[in-house]
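One chain, subunit A, links the two complexes that follow: it is found with subunit B in the first and with subunit C in the second.
Our next item is the complex of A and B:
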């Protein structure tokens, strides 16, 4: 076992102090001289033809400054993203309720909001689509191309039709899942500040400052060297601050350039609900076939995501979902077809799990149904089929040594007392009308951007050791609450043998580090961590050599091994500190600032047949949910979730546990409560009163275990932990509801009325 | 409180222990007064309608969602925000310390409100049980932590107050 000074320890968060004292400055908190405020004028209907926009009434509001429309966009009016179909501001047609059509700039936020309400849009309503399955029909209204398909992927292996014909048992069902709203506590916010040279500095609440750079440079028609994007302390992201902050920032930037003063744009909660990205609603039909012994022989999936009005990230969300759609099993015959369809609703995008939780709910629910049909224990069926090192995934990728899934499943089985509970018939009726039950799920998650994002999968770091032995680090991946500042500081301290408190990660500034891609896909520890190690490596060599020489000069015995730990170098009893060593390095005029650049290994995936290596490595989870179901009302309460993860080496166990607990609750909240509703293309509940989130009172107990299967390509053999905790929660809860009550619900959220219907023999 | 010409009101109150006198518009919320007039940016706006608790402050020691109270109602009262929260030694308050130590802080946007709510809860009920804490903090949404570490921070602070 490797010995580390800083890696593997629950060191305190770097940003806890400023946050616990209220000193942290989020997007709405910074002061700028001459600051103005913008507010959006939004599309009132699902689809309209814009006839005219008038500010005649808005102009009378005291403090009104100007109206900004598509005419003020300086570059081509297309937000550069995967498909670039989303205009910065619409010209003739707006495609969903809540889309920004224009902006008003005013002296105060109140005046801007009041004036925006008075801007008059004359429009004609156009026929719209609100159902993705309808959108895929031949005679549907066309919103995108000639088929309303933003993206389609196919993964084929073996002969699934034959395998299904030959199977002992086949199960096939339809599933669906509803939206999930990120509900980051800090809404979208940005301030754009014009600079004397005609450029802009943009202070943005974002996961992805380089996406903001792309969008602002395009909308403002500026060279990248004249745009600087600085991330503000970010109050939660979960994918909701991946792409859309770039759109919000481009709006603020166009406003700022027009008025020549700093402009701030802060969304209120309602407009954030109405217009910002969401987890895609999904529909799927899944089939599994198995032989008599429970070996799964085939998996066939049709998977449809409701992309909303513009493509945004739908193609890559869909691809990730498709790649993982058969589940973490070794199956020889596969056919997966996946579509993202256009509708006139809010564009959906990234959300923790990125297209996987929806299809994981479907396939892991169905694996339980397969177990039921085989009269086999659901854990045993999974143990027979799960991926182990050397096995092949649905895309034919051979799983490497860093795969602890079997151990994870054994762990949650043991910790939840699965066998004993099962011995009681897997159904414990203890309190009259309350039934209790257990449900299991397994999941895997490709770490990093994978084959579909391979051109973006690189990251930079600049590590600068000051003369006083403190260390400044610039990276291109962001802190959004997950703990990146802390974990990356630990990696830097470990590599240099510098005291942890000496390390400072700077806020991400696009002018200080090369484009490092987005902070998504559980890739930050892996990518920025490796970039820091690479940047620090030559300085580490110099520091270690110099320390050795200093120790010799102090009379140490050079034949003994030098120990480097906790910021101290020593041979026997003789020691020098990191600070003394760095001082000597500076005296010797050594280079004490270095760039690092890490590029993810190649992936071989073929977009034609969907075969090849899709991701560089995978993280894994196994969950068992312990639930109570009220048989009179159908209300479910999750008592406890047993979860085990393999995310490679854990750099900071306390933070990793925080990621796990947060992901579990977010997954449970989606599974049971969160229910965004649309009627005729209008969002009905864009607020926290009517869109229900889990609170402290709903919190289950968590029982979390990390099984660390080292990944040789990771920084100190780490993988990624951000997303995998959310993915398997919904099916574990659904399977537990079935186990407790006998009701199988195939649509998320697993609302009481659906459970009740299941209990009373009605389909839901 | 005097109603001045132009519809503004003159209010006198105490803010984090210091006296404050201001002319304010009667339509101003306490949250706007705190953030924009007093420049105390530790209090956050999360929803603007009393559901999330990010703007929670103490008025005469009681927990209040400042987005739901009008600023003029502060007249004659004592406001405490996160900036005014102190331990007995003048340093960090025990709740700030336990939130940091227990890992109850992630993105941090809910943190000031959650700490103020916990302070009000423990003041009213120094012997709060685990169940009291779980029920007492339902008005403070957190999307990052899964609440476990927030609850354990409050339990730990209970011993220190």
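Our next item is the complex of A and C:
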């Protein structure tokens, strides 16, 4: 094992102090002279033809400044994203309840909100769609193209139909999952400030400042050199601040350019619920076939995502889900068909796991059903079929050496006492009213953007060593609470042998570093980490060489090895500090600022048959959930989750543990409680009273293990940890409910009502 | 934050004097936990909030020979620590941990909880089972109603314009109590169904019973038929089962974003059987 000074240690978070003491400046804390406030006028119905927009009544509100509509958008009225079907502001048709139709700018937020309520939209209601399966039918109302399909992917391998015919056992079931709301503490928010040269500086709560740059430059019709996007301290993202902050920022920017003054736009919780992205609801039909020994011989999947009113990120969310849809198994015969359908509901996009948790729930539930039908232990069935180094995935990709899945599964099996618990049978207490059970799942997660996002999969860094040996680092990936500032500082400190306290990661400023793609896909450690290492490498050479010469000058014996650790260089007893060395480098006029650029290795995926390398590497998880089910009420309590992860080398164990706990709880919350409801295209519960999240009182006990299978291409052999902890939770819980109660629930959330129906012999 | 004018009279007399001079679009502000959140989501548009938190006539928990008197302005967290509540009002005492969250219990008042007239109110449901009466006052004139008669529908009460809840009068009667709530998660949630059971026991038999339920009717519901059935009967499993079957016929739940009607109806029975079982077991241990 390599010895490190900073990597692999639970160093304190760089942003802990400002966040814990309330000093951090979030989007709503940015203040500017002459600041005005914008508020959105929103679509009241699922689909309307806009006949007219009038501010006649709004104008009378004291403090009213102006109304902003599509006519004020300077560039083409198309938000540039994966496919550009979403107008910055609608012209003739609005497509979901809550869509921004216009904005009011006023002297105070109160006036802006009051005036926005008085803006009159004359409209005609249009026929709408609220069901994605209905949207795919031939005679459905057409919202997008001639088939309502935002994207379709196919993955084909072998002959699944033949394999199913020849199988000893076949299982096939339908599954569905509901929305998940990101529930970040900080709602969407931005301030746009006009600059004297006609340009704009935009202060945005975002995961992806370069997406904001794309959108603002397009809406304002400005050169990129005249738009500067600065990420403000971001109060949570989870994917919800991937694409949509760009839309919010474009609105504020159009307002600011129109009035020539800074404009702040902060969403309240209801409008954030109504209009910002969500985890896609899903429907799927999955089939597995197996031979007599439990070898899985085929997997057939049809997977449909409810994309909502505009495509936004649906195509790439769908692609990731499709690639992983057969599960982390070695299966020779595969057919996966995946569709993202248009409906008149909120556009869905990125959410931790990105299209995988939905299909993972389906296929991992069904693998348990397969085990049941084979009369085989579900862990044993998985151990027979999981991916190991050298095996081929559904897309024919050969799994590399960094794959610890077998060990993960063995670990959770052992730690949960799986065999003993299973041998003892069910534990029932309280006069037979409470039953306890275990459920297992495995998952894998392609790290980074993969083949579908390959053109975006690069990242830059600028590392600047000041004369006093402190270090400023600019990267293009953001901190959103996940710990990027800390982990990247550790990587920089390790590479330069600089004291950790000396490193300062700057907030992302799009004018300081080249477009580094989005901060998503568990890619930041890998991409920005490697970019920092590349930037630091030439300076590291100079520093190490200079340190060696300083040591010789101080009388060290040059034949011995130089040790570099903890910010100190030494040979034997003689040592020099990082600061002394840097001072000497500056005296020698060495270059102490460098750019780094990291490009993900090529992927070979073919979009036609879905074969080839989809991602550069994968992280893995295995979960066992230990639950109690109340057999009279159907209420589930998750007592404990045993989880094991392979995310390569762990840079900061404390933060990794935090990511794991957070992912588990967010996954459990989605699995059991979160239930966003629509009726006739209107969202019924856009608030935290009726959109129920897990609280700390629901928190299970965690038993988390990291198995570090080094990934040679990663910074200090790390992969990514952000998303994989969430993915396998729902099926592990669902399988445990089945084990405890005999009720199989195939729709998420696994509400007590559904378990109760299941206990009473009804399907749900 | 919403924007409203706040006026704060010092006592009841000052309140009645003040009212004619202020906007008729007014609401009483006690703990604010319903009023402020409602205003934030645009549910009410009162221009003036009459802050009654200083009215000393609304404060305190007292006892007389025959009753416990709880001022309408008493915070839920005050009930939590009250010796009188602990001694005389076992159902209310058992309900408090289910009431919202500790921070909301520090703000919310029992009078406001009743005035809000939510069918899911844990406080109102428990007080109904305790056979509480409510004292109302309008311009110096007082009247008294059984608490259950205050509720006319979701968010609807028998209160006249400006009429104020002054206090709750709960008769002292020796009884056992239980409060069981089925919410959307372990704690801090609005009930799908709650059951409040108050039983006057005579050895292993029920002498009189008072059963109330939340979230299964347009108002906090007194299950009178179920209570009548239990009176005079031995508290055993068979009678509890019959009571559970009866209560399922008394409730009229709906399907909404919080739960389903059929489930709620069934759970009313499950929770009642459990509540009765809990009281029964307590008796065995005595």
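Convention: the second predicted complex is superposed on the first by the 757 of 764 C-alpha atoms of A that agree within 3 Å, B and C clash if a C-alpha of one lies under 4 Å from a C-alpha of the other, contacts with A are read in each partner's own complex, and residues count from 1 in each chain.
Note that in this section contacts are C-beta pairs under 8 Å (C-beta built on N, C-alpha and C of every residue); 3 or more make two chains touch, one makes a residue touch a chain.
No experiment lies behind these values; they were computed from the predicted model shown.
Asks: Which partner, subunit B or subunit C, is in contact with more residues of subunit A?
Replies: B
Asks: Contacts for A:183 in the overlay, against subunit B (first) and subunit C (second): which applies, first, second, both or neither?
Replies: first
Asks: In the superposed arrangement, does A:697 touch subunit B (first), subunit C (second), both or neither?
Replies: both
Asks: For A:689, using the defined touch cut-off, is the partner it touches subunit B, subunit C, both, or neither? Pick first, second, both or neither.
Replies: The answer is both, since A:689 touches subunit B and subunit C.
Asks: Of the two partner chains, subunit B (first) and subunit C (second), which one does A:632 touch, if any: first, second, both, or neither?
Replies: A:632 sits against subunit C, while subunit B stays out of touch.
Asks: So, A:21: does it touch subunit B (first), subunit C (second), both, or neither?
Replies: A:21: touches subunit B, not subunit C.
Asks: For A:655, select first, second, both or neither according to whether it touches subunit B, subunit C, the two together, or no partner.
Replies: Touch status of A:655: first partner only.
Asks: Taking the superposition on A as described, I'd like to know which of subunit B and subunit C A:466 touches: first, second, both or neither.
Replies: neither
Asks: Kindly classify A:482 by the partners it touches after superposition: subunit B alone (first), subunit C alone (second), both, or neither?
Replies: first
Asks: Once the two structures are superposed, pull the subunit A residues common to the subunit B and subunit C interfaces.
Replies: In subunit A, positions 687, 689, 695, 697 sit in both the subunit B and subunit C interfaces.
Asks: Where on subunit A is subunit B touching in the complex?
Replies: On the subunit A side, the touching residues are 10, 12-13, 15-26, 28-29, 31, 182-187, 233-238, 268-269, 480-483, 654-655, 657-658, 660-666, 687-689, 693, 695-697, 699, 702.
Asks: Where on subunit A does subunit C make contact in their complex?
Replies: Listed in rising order, the residues are 110, 270, 632-633, 635, 637, 672-673, 675, 677, 684-685, 687, 689-690, 692, 694-695, 697-698, 752-753, 756.
Asks: Along subunit C, where are the residues that touch subunit A in the complex?
Replies: Against subunit A, the touching part of subunit C is residues 3, 37, 41, 182, 184-190, 257-260, 263, 266-267, 270.
Asks: Within the complex, which stretch of subunit B touches subunit A?
Replies: 35, 39-49, 51-52, 54, 81-83, 92, 96, 99-101, 103, 105-112, 115, 133-151
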